[in-house]
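Got a structure for you, questions after.
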């Protein structure tokens, strides 16, 4: 088996990374199943909290699947932030983003496959974007009735800013170490925080690929062009606003916290090694004793 | 006491492992109590989420009980995956599976014992598989009304594929280390994810032994042959489909992620030692300094 | 301040341990506040799950308060189990149990103090044990209407057996190491598991001191002798049954798992040291290289 | 980018710390969004538990943002406790408290910005402190109808005492070590415990800055002076009572547990180092071998 698998080995680093990012976001889409379940069971199999738990936990396992290979960005906004900070090569950004998009598209397709019977029964065979039997909201975000255009824009900028600020803080080893294996769990907890605190305006997309991929899927799968028209052409807000918010949050953290750390930043590689193997530092000490 | 216990010591490795697997799944069945509680209290003592928490947390402690002795497979599908990957001897597969079946059977019996009064009062003494006073669903899976045969098959193949894919990812030390003691918790979180995202079609069995064992118990305990007839002879789907899905998920992870790790895989024993005692690596470094 | 505190230092080990056990269970009683809140708000400030979260998390912090001084037994049944296994001196058992009782009594008193206004408003000033305005159930366990005497006895024996089995498993270092600091959290998770799975028959007391202490408090605080008469003289069941179940669970784990570990058990002190300082083992290895 | 950021570097330690405390509490205010969401959606987007999860998780990420720079007090009561124990300089107390106040004020402003449309729609444009369309309770605490003045005072003294007692216990390294990275999570769990157990009387403020800052914001943002008049002039209770309770809890822990530890307390710096780098101790041992 090992031999067989080794034959399939891909040596190109970037291809491996793109596959990991694709698979990670695909897995993260499990979360849409939680929404499908609550919607189609009319609330008997879960509630608002289980939908948020599904999103958060789906992301946790998406990260666990991809973290060792590509760092598990799973979000073009996060990739962009790292590029701006000089911690990720710009040329990988479009490839990563495309992988995210494909992962989210296929993830949504899998959820539809799994809930095909339930969605058909619930909707009476009509795939609708709005109304009491709407099912498009299972897959991607639509604004609530009370939300104005500017309100939606502000919501997504603010939410993604806070999200990225916390993401960057969790990555900042000079702010405090984090046991390996706890990081993915904390990112999940952060997504849960967003879900319970910032979900009622427009469902906290936060992630352009995770929103556009499933929207494209629903477009081709039968919900039609209404998925782009609904909410006054809402679809581009969760694509553009998160990038603006993400940069805002990242720079806020850099300016208010990370810029002022007294110790010199190590090169990413050293830093990573120091974290992975805390013994090293100790042994250097030992060596000089 | 220690002396007394040492007299009872069993030296056969396989017998010890089977006992651990049996006890682990027996403990994991605590989760059925959560369903019993919600059903018989008609929703006053819990809701859909507490049922899923019961399943997930029961599995966590089942793993803690068995992990040091047998690795806590607690699922024939997982054992099969490890066999296919060459990480578990094929000859142990039937023995492990049988232990799982016995553990699940006795676990269900214990839940019935504990909730005997509640089930009798709730059902008016009639043990039914369907209808508003049905109680068979406490113990094993039945398909929802909206689910077609193919829908159920697809649901279980997809769900178990995603489940095993994540399980194998969590075990993959080259994808990223995991602190000892966090692994069982994460498997529990994975089961919770499945429960909140993939539970409304047929209750996410995912585990042939955990479904068949309690079904056999309800068969002999008074629910009768209806437990096999219900849902158009549903009973064999959660036995066969998880094996298919499990292999699919395992191979997907192997092909998309694990096959491409650059470092040579260590022998299982070395790998395990490296994880248990991360110091070793450091000291080897020290030695060569 | 340090100097001032050092003047108050108690040098007697057993007195320190009893204070820690007392304070630990006192803190754990925070959980009763969750029940008080749900009952007196008639369900607007929480639900069944928040009551269980209160119990579980209260216990977690009770353990964190006491763990370094006395090991945080917080339950006479657990103390008894350790005595039977020869890991705790028998002569400390009555002192520990008394500390638990006092802690639970004063904890209940604090909850009553904090919810005095709410309980008076809710109950119209009448402190009742049964009926729609009953408030005694906030503090200690009463059997559900459907529960027979034998049913209650079996429930508590089974539940405490499973509880102690898992507790002893978590302590068994040869079954697998656990990061320091995770142990209290897992015991809390175990209590949550019990709550969501075994709470609807009689509220899963599991702990004689935690049940009797608050019962004594309600007896003197105005609920009167009905707290002992209710449920056909239920009060002694959650005192006696947990001891029986606890021994059963402990011995089951010892016989099925711990007795068969191949390595010689180390003395408790060595074992503890090995866990606290995993480096030692490594350095011994180094020394002999 | 790194170079650009280094130009902005602030060298004053106290300014950096105040910025971190400000940002930390600002982030923690995410939690108010959870309340805004439940109130304005009239319970369709969350329930009592999601509000508490929002508060607790918001605090977790507030701590992660500030912990490496200032220790993440995020609460003037906690700063005061550390000052009394001689672990924090008194002269920093007013600056920290002011930073908390500003962080909470701006955090509330951000929540209002994000939920502006929702609050306007829900309240019909009238910003009210009491009644069915009240929205002031989203931002700071108001007493429940059943609560007397003394009841409120007792509630806050007791709740903050228990809160600080547990906070100090989690910090006490001689009571038992805690993996780095778990501490913020446990403080969040503690806040959740408080929320599910002690929230129905007056919403468990526990933190004078987190209560006064948002109250000041609602005062200037249109709710008017009613925010200070409501509940019989309630506003000063959550400012004064937590300080009393916090000292009570801190001293209780010191007198009952910490004063009696046998080992000499190390200087804070040594202690911290020992925790951060457990290897050191081992290497000292090695050195003397």
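Note that the chains are named A, B, C and D in the order they appear, and that numbering of residues resets to 1 at the start of each chain.
Simple rule for what comes next: a contact is a pair of C-beta atoms (placed from the backbone, for glycine too) under 8 Å apart; a residue touches a chain by one contact, two chains touch by 3 or more.
Keep in mind the model is a prediction, meaning the values are calculated, not measured.
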Set of chains adjacent to chain C and to chain D: none
Chains touching both chain A and chain B, listed by label: none
Longest centre-to-centre distance from chain C, chain (CA-based): A
Equivalent interface positions on chain A and chain D, same or different at half: different
Mean-CA-position distance for chain D and chain B (Å): 40
Chain B and chain C, separation of their C-alpha mean positions in angstrom: 28
Chain A, residues touching no fewer than two other chains: 47, 49, 179, 182, 279, 282, 286
Touching chain combinations (by label order): A-B, A-D, B-C, C-D
Chain C partner contacts - residues on chain D that touch it in the complex: 47-49, 52, 84-86, 144, 146-148, 151, 154-155, 158-159, 162, 165-166, 169-170, 172, 174-179, 182, 186, 189-190, 192-194, 196-201, 252-261, 265, 278-279, 281-282, 285-286, 289
Contact footprint of chain C on chain B as seen in their complex: 1-2, 5-6, 8-11, 16, 19-20, 23, 27, 30-34, 36-37, 40-41, 44-47, 49-51, 53-54, 57-58, 60-61, 64-69, 110, 113-118, 120-122, 179-182, 185, 276-277, 279-280, 282-283, 286-287
